[in-house]
């Protein structure tokens, strides 16, 4: 959030901004605004209907929702709650490739539009706050007294093992051979890895530091975005999550080359506040703030942005 | 204000400063000091006589007062209160060009010396403080219990619609064809817009971020001033408002190329404190501080400043 | 600590990190992790068994413990407590070279593996905290009521005089002629002194600012490390101490060219908390954090690091 | 003080520092340490014996004391209190050159060794604190209840008028024609004025911002010192005052090219604490801290410093 605040806008005036178009596309599919939903775990901790509410809000807002491997409901239940929604799936690749294959087939059958492979959890980070809060994922969340334990049916039976610690660039072709879906890598923070992603025919990158929860003292996503965008040279789409709290932040990320941004915590806050309506409210506020920022920056359209323009510094 | 504080003065000594001349001219007309009054709305919120008091103080100080489109009194009333004053008018260009034309004719007839066109409000910014303070301009200010509702006669009947959202560079020639007054653009923050202003035969620019109230995270005016001054290459006069609180700030702005500065909030504070006398006091304090800063910086005259001198860093 | 926090990690992903090797060598001898124990004085102030407990923990962790000239126990007692341990000795060179010679012979006989010569105490720094806390080393610590006075047998009879104020580069050959042990200089902070160390055939440098206690306003060790590493051009091993509090800090120091780091205060905290077991706990926590940081940075081995890689910025 | 803290020391070790020599010379005369006393006004406000106590302490410390034009005692009384002392006189040049001439003759007769001309008070700065503290120099200090009014005999009868507002570079030759004493300019902050001083055959410069009391937002003296030292190219001696609170600060100023430093407030604090003995104590503490800093930086002598060495950064 501090990294976003350091970026200054360079508003341009005396342009006709009577028509502002916040729409864009990601992987070829239109969304109403470049504001999508990052994968986060266990939405029933925030609201009884959990991911089903999130999915309904995303569908209503016509934006992309990346469902987490650690969803509280089965993906079938979530999709059923928002059958017209635009969904990507966040996948932790498993050591057992049969499980990966089954999962991919299941996702394709359910109409998911992309696989988001989280690359920044080969091992679990040192989550001091979890220790301080005595939050034991296995014991407390999966087995014990959630607020609405009866309703929760985890997708986890197929994903009980931790992500593969040995999954690496050499395994990418195998994954690609299993699916016709675009593959997006989530968690890239360096130009070196961004170049490797392009070289391996990856379709997109979500620049992310896992909400700051995996490894302390990495760059802010918005700072890493610059070097990743420069490295990929426009060959693939680059997205980002982390620290986006206002429409200005959305605008800044796009001005620095992101195709869209994803939000995590604000979605959970909206969900906790008022379920589906809270999530929709968060998306609406950000979209309106983003539209205002576009108007006051003299930008009529998300798509028209040219690399020469310099909306931020 | 923080941006001003970061600028260091480079005082020069052993110069004869027994005669200090704070006078300068803007658009060819002399003012006693390069300290003028920015347009701000609804002065009766601060003092019963509102803009009439402000105008009297400005006339007494022999400086320029830019009357706001959202004045609490009719411009005729304000001018009548200070018939010998030096007045510019801040205009929000309307979608209806007949209204614009009538307004310009009325302003010329009343002796205004320039039109200040605010360019940074194609749409209203996201004014969170207004929401938090439950300040609804339409409902609360225009219609409800002001402290002195009986006295207020707004200039607004001719300006009830919001500024034109489509007003753009292409409309400048039409505006210029309607008037012989100099046109000043208020709200420019980038070199690109400054160059366009010169290209469109604009007579002056007020570098401003609307008191920080339109769009968060834009540059401080004093920081944007540098790039605007560089861009216009001395072809037109550049002024600034925003963050000026001391005579040192005035000096810094001039050292960085501003012809004069405008103040908004300090005028309202003076008005709230003691009406006309409070406004005059604010202008006097700033002028004396500015004179001291000139003497201690070895500057005898506002006019003599040469581009080679480097009074600040 | 602040200097460490300013350094950003650049994590690399999609590398097989199923096998992480934290081992390295210093002066040719293997340690389990590049986390060793800096010399600190008077461990019985923290725990009755003092340096004997520290030595046991270091031996169990298979790492290097640099015993201080101001240990609370005789070096014979300390070595006896951990006869299989890996020990270096921190030596304040005395004006009387006979004493130095006897000391070196005693250290060689006891199996010490290197002499760590502290160079940053030609005179005692201006330790304001000692004055404020009325801590008089001579009077209070050596003679008065320690918590366990009966047990303390100082190594100091041979070291009652202060370090030699005239000890200088010209004396290095004499010292080298007395011993076959590698000589490590502790306290170097500049590239000039690092180059002199190489020129004088010194075997290693511990970049250190004496825990910030000798001279205020010197660089942080981690900042000085960069210039020292550049200056020695890989000809000798460079270590550092000061400010290391997390496994990320260890990783950053190594990424900037340190062969290993040494910790002082955290060892004393562990010792105060639970003696030998507390020291071991501190070493274990740091090692595990370091291993996690390696995994999340895509580093499988401490040794494989190449100068081209850029793990931090 | 903050500017000093930002400067880092670069200590050098393994040099024989058994003999440290803090002596230096200013304008050819030896002082025990490069720590002298800046002119400050009205010492009887701090201690009944006022400047007489200060002079005694300076004489005992064998350092230079610059007596202020606004001393509480006549210069004859002050000199009589410390007849063997090393004194400069701080002079505000008056509009009436006869007064200046009489003053110079009186100073020469009394054995003063240099004239320190304060250049940064052509007009009095905007001293808000004086207003807030209701401190009126004329009314309160000169005429009303000082703590020891009976003892005070001001040098001011000859100096009742304010410094000349028109005194400038062109007047320097006239001043030089009146005296054989070296002329030192106090208050220079820019390279331009430093070059003019050299050009006008001035013998020395005290870089100073008048304790931050004349003009807000000028550079810290220690920052301005760098550009002044570079500009004079060693042709004349450069001193500084402002912000020196520790021996490290003294060392930093010398490392950046100052011949010596002057202190103002710390002297007053010492005087308030315990008169002559308090002033001596302040000088002694600073000198000892400076000596320690020299030893830990590997500097044996103030004089030997070569321009190539880089003791700070």
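All chains are identified by letter, namely A, B, C and D, in their written order; residue positions are counted from 1 within each chain.
The rule is short, and it goes like this: a residue touches a chain if its C-beta (ideal position, glycine included) is under 8 Å from a C-beta of that chain, and two chains touch if they have at least 3 such contacts.
Quick caveat, the model's predicted, so the values are computed rather than measured.
K.L.:
Report, in degrees rounded to the nearest 5, the angle of the rotation taking subunit C onto subunit D when the C-alpha atoms are fitted.
P.N.:
90
K.L.:
Hey, how far is the Cα centre of subunit A from the one of subunit C, in Å?
P.N.:
The separation of the two C-alpha centroids amounts to 45 Å.
K.L.:
Averaging over Cα atoms per chain, report the distance between subunit B and subunit C in Å.
P.N.:
Roughly 63 Å separates the two chain centres.
K.L.:
Residues of subunit C that contact two or more other chains, please.
P.N.:
Touching at least two other chains: none.
K.L.:
Looking at which chains touch which, would you call it a line, ring, star, complete or other?
P.N.:
Looks like a ring, each chain touching just two neighbours.
K.L.:
Can you list the subunit C residues touching subunit D in their complex?
P.N.:
Per the touch definition, subunit C meets subunit D at residues 119-120, 122-123, 125-126, 165-169, 172, 185, 187-190, 192-193, 196, 214-219.
K.L.:
Would you tell me which residues of subunit C are touching subunit A in their complex?
P.N.:
Counting only subunit C, the residues touching subunit A are 5, 7-18, 246-248, 288-289, 292-293, 295-297.
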